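Both complexes shown next keep subunit A, but they swap its partner, so subunit B is in the first and subunit C is in the second.
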Partner chain A sequence: MRPRAGAVPLATGILFAAAVYLSPVLFAGSPYVLFLLTQTLCFAIIAIGLNLLLGYTGLVSLGHMGFAGIGAYVTALLMKYGMASFVPALAAGTLAAGIVGILAGMPCLRLRSHFFIIVTLAVGMMLFLFFNNLDWLTGGAAGLPGVPRPRPFDLGFTLVDPRRPVGFYLLAATLFLVVFVFQYALVRSDFGRSLAAIRQDETLAASRGVDVFAHKLTVFALSAAIAGLGGALQVLFLRAAAPQSFGFAEDINLVLIVIVGGAGSLFGPCLGALLFVALPEALRIADVFRMVLFGAALLALALFAPRGLWGLAVAAIGKLRFGKSAAAHVGHS
Partner chain B sequence: MTALFEQIVNGTMMGAIYVLVALGLVLVFGVMEVLNFAHGVLFMTGGYLCDVFFARLTGNYPLAVALTMIALAIAGMALERGVFRRLRVNVPMQIVASLGLILMVENGAVLLFGPSALQLTVPTVRSLVRLGDLSFTVQHFVVIAAAAAAIVALYAFLHRTRLGTALRATSQNAEAARVIGIDANRIYRLAFAIAGALAGLGGALIGPLFLIFPQMGDLPLLKGLTAIVLGGMGSIPGAIVGGFAIGIIEAVSTLFITTDYRDLMVFALLIAILLVRPWGLFGVRVRGDI
Partner chain C sequence: MSDILEVEAVSKSFGGVRAVDGVNFRIAAPGVYGLIGPNGAGKTTLFDIICGRQFADSGSIRVAGRRIDRLRVHQRTRLGLARTFQECRVLQEETCLDNVLFAAQDKRLGREMLRTFARHTAPPRAVMAEAARLLDLVNLWRSRAEPAGNLSYGQRRLLEIVCSLIAQPRLLLLDEPASGINPTLLNMLRDFLQRMFAERQIVLVIVEHNMEFIMSLASHIVVMHQGRVLEQGPPAAIAASRRVIEAYLG
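Here is the complex of A and B:
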């Protein structure tokens, strides 16, 4: 029997959530690993945002860190100047990113494939230029230090303090799981199926009554808003906003996370985030030669793993469990 | 007024460079719907190779430029055969492959030539042309003249030769071109060869004016990409007008706003034009496509 495309059995979901929550217990002794894992979760949220657009709708955006930056700076400014507490500030950041997403989506979405990519790149560069140059608001190239962490949450039975590493990890894990469930629900909704139809054949989808532009604009705004949420969380975690965190290099990184991890799969972007947040740490002391090898690995992956690492893993598991014929069916979910 | 004229000359020079990059991108995109985001490293390789051919081998700048173009044409064909022909249908993986290539070539350049920028001193950089109060290096005009010659040669090739006509035919309608017996793979190879040669020419021309360093292709690539969207999908005149327009606008805008926002002008203009004409200045509106 072939598993239903995109279906995550409840058991897998619970296991996944448990693994996410229990990681700090495993790594309690290593603050460094906990730091990396929290970074991974922040990036995974942004990656899930982009995955909705890139993976499920087939629109490659190279400017999504710009939206993450909008969320980050709005939340950081509100928190820093005490204009809002954590939850409203986070909501405002997410909403602002979504609104900028709508504004940017309107001209961008009139273009297709490669040209869409270039225009989103231009949007990302423009947003970066604002972060980098509006000194009076964003602190310019020097960044925006002194962003406070959220206050402790009283859950009745225990107190979660995001000012401590484990507390912030639990906060990030919760938000990550919420976004993950949102992704899961969205992909399986009627709206999500329409997006898949648009990805596969836009003309056909339109002729079957799908309002293509409205769907694209909605998913663009949603994905920008989720990216904004991830960016806001990242800035709160690092206690400072820096324009370079939302520049072109990070845009490239984000796109690699989603595509190399496995665009259009639920877990692919998460795998990618884990890999690409941990890998630069490993490559940080890297000499130039290792970067050449890394480039060669990317090239090989592009040529031989068209659905990314998650696709590769799923195909391998499928081959083991169902024989060769079934492996061919496990695909783009 | 003097300042305006100076910026127009500077802008035309940079625009000429952008046109060389944009033409390669648009030729390849026109025939095989592939965008080579690693096009900038061909440009950069052009700068380094020209340095090798000029400073270490021949000592003759025009000859070094010609050799660079030939070498980059071969490199372009190798890229087409080895990488992009296989990725024609997979847009996301075109990006991953391009990034892999960028990392390999940019870091490879550091390994081969060291981390510091190279200075390529050719005679035309030392001698100046005086125009009233202003003076420009002869190289400024060499760049503009060489780019203009390349554009004319490309037009003659595309419109006066059978192979050029076949390339245009493939760009207009790939299926019909195949029906009349045009070998698509040969055309892809040709387009990549021309794109490589033009990028190499760009790098070899700008190298003496600025420095030669691993990331020297990044900005021309970005501007070249903007130029082809501005000019219109797959339109060669669009790429030319777009490239020159971007060069001149960004140079002239520095008279009015700080250089921090120079790139913003260009991108804002792009988005404004796309709001009015999503198919670009010279593109043809395809029904159902926009």
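Here is the complex of A and C:
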């Protein structure tokens, strides 16, 4: 049969998974680098969630960290008070974020374009206010400290201990790869094609028989649930939940991660997450100027790489391989 | 047996303008029907109302006896109603072939989700063959791997019609299919539509300003003027009607 657009060869996939899993070996000597890489994986999961919405369906949500927060707080509370062990707590957090996604999506998705964006912003802020002000439940502005890490898993041949940096990294890497494969399967499926049609022309999609609202609501819920999973993982990693991690500044960061990395591509959000977690750290040498440099880098990207860094990389590879003519068609997966 | 399409007393106003004003007509048998009239006669608005892009202020629309005027666009599509757009809409980023295969895809959400993690997500062989045949008939098979946005305007129009037909509609509404198409492609379009009608015996309703094109294709013409049906009948009678000549043909 015909190869579908954006197919990732199996070898590339295995190489990618190996690179993700073997990073701790490379950086075993530096717990700080490992810390940053784990942070990156948590952010990458949230970014993949938003990418389904922003990149593949064309809906910009400015409130997605709110859903990440729902996942984070539900998981954190269940773990902290010993009401559930790791796997059920994580599942509950993910599910809760998905359900809040459906509840928020039902009114929001009735609106179009910029009205939708504004309302998602409001949803994000509302959720932030809950995290920040429900002192008896979430600990309010002081946050929720003392969230325990998951217990060690016995895999038969080895023991993975998430209470140690390498162990948690491996856990995060596994969840990240599961989410990545989910994204891959989803966007290449018939459902993904309907989403792409909605992104390109909603009127046409409806007249081809796509139930636009139901499709949007489904992807919104999935996207919120994935964000919730990422948020939950982040809180378990940091051992504490803080409302500021799910506030407006983080929402902007998240949208930038997806857009700068490359919205609508499989690897783009992962690259974006790596950049956003690692680059400000690397720029620390420039001290007070680091945010200025960061801003300049963003501006350059917006000007020269409208498809994000990943799009730029793919186009460059295409040019090297096939010459100029082929490069024009590369860039959308 | 009930009529295939039954439009009864449909009205629609925009502010003080009655764009469609109590339109009645019925289509009882398969055929090629032309809908003509001067600009602003309400043809496209009537199309939009039949397809669900706009809702009528009053009146009813039935397809095969079933009332559809409160259904949403995708529900009407699933009942066998298809349309093309005056402004010509295709999925610009997708290839020609993907456009056609997407049009043929079963888009019920539950089925889509079930198929997501199934191993065989490739389209069925029969659909593939039909897509290839139709694309070949309009000479687009060789451009199958080309993104639709790269096609010429006329080619995009043909692609849009192929996409509408592959979903096996029983009623296809074409909004000015001949506009912006060069004479060579126009002949191809006429042959293609005649062939499709001969094969499938469905209802084709065509809004058109190109009189030569529509008169040679349609077996029955409905003339609209100022939101109302002015006249209907076979092309020869329409071309001879004094009222139509005064209002439109000049």
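In this text, the second predicted complex is superposed on the first by the 320 of 333 C-alpha atoms of A that agree within 3 Å, B and C clash if a C-alpha of one lies under 4 Å from a C-alpha of the other, contacts with A are read in each partner's own complex, and residues count from 1 in each chain.
FYI, a contact is a pair of C-beta atoms (placed from the backbone, for glycine too) under 8 Å apart; a residue touches a chain by one contact, two chains touch by 3 or more.
Everything numeric in this text was worked out from a predicted model, so none of it was measured.
Steric overlap between subunit B and subunit C is absent once the structures are superposed on subunit A; the two fit side by side. Contact with subunit C, but none with subunit B, is seen for A:Arg193 once the two complexes are overlaid on the shared chain.
Of the two partner chains placed around the shared chain by superposition, neither subunit B nor subunit C is touched by A:Leu274. Measured by the number of subunit A residues touched, the leading partner among subunit B and subunit C is B.
Shared-chain residue A:Arg110: touches subunit B; no touch with subunit C.
In the superposition on chain A, A:Thr218 makes contact with subunit C only, not with subunit B. When both complexes are overlaid on chain A, the residue A:Ile118 reaches subunit B alone and has no touch with subunit C. By the touch criterion stated above, A:Ala241 is placed in contact with neither subunit B nor subunit C. Contacts of A:Leu204 after superposition on the shared chain: subunit C is touched, whereas subunit B is not.
By the touch criterion defined above, A:Val147 lies against neither subunit B nor subunit C after alignment on the C-alpha atoms of chain A. Contacts of A:Leu52 after superposition on the shared chain: neither subunit B nor subunit C is touched.
Superposing the two structures on chain A brings subunit B to within 6 Å of subunit C, judged by their nearest Cα atoms.
On subunit A, the surface touched by subunit B in one complex and the surface touched by subunit C in the other have residues 203 in common.
Chain contact summary for the complex, subunit A toward subunit C: residues 1-2, 5, 185-186, 188-194, 196-197, 200-201, 203-204, 206-212, 214-215, 218, 329, 332. Partner subunit B is touched in their complex by these residues of subunit A: 54, 60, 62, 106-107, 110-115, 117-119, 121-123, 125-126, 129, 132-133, 203, 252, 255-256, 259-260, 263, 288-289, 291-292, 294-303, 306.
The touching residues of subunit C, when paired with subunit A in their complex, are 51, 53, 72-74, 77-78, 82-83, 85, 89-95, 97-98, 102-103, 105-109, 112-113, 115-117, 121-122, 147, 163, 167. Every residue of subunit B that touches subunit A in the complex is listed here, in rising order: 29, 33, 35, 83, 86-87, 90-97, 99-105, 107-108, 110-111, 115, 222, 225-226, 228-229, 233, 260-261, 263-264, 267-268, 270-271, 274-275, 278, 288-290.
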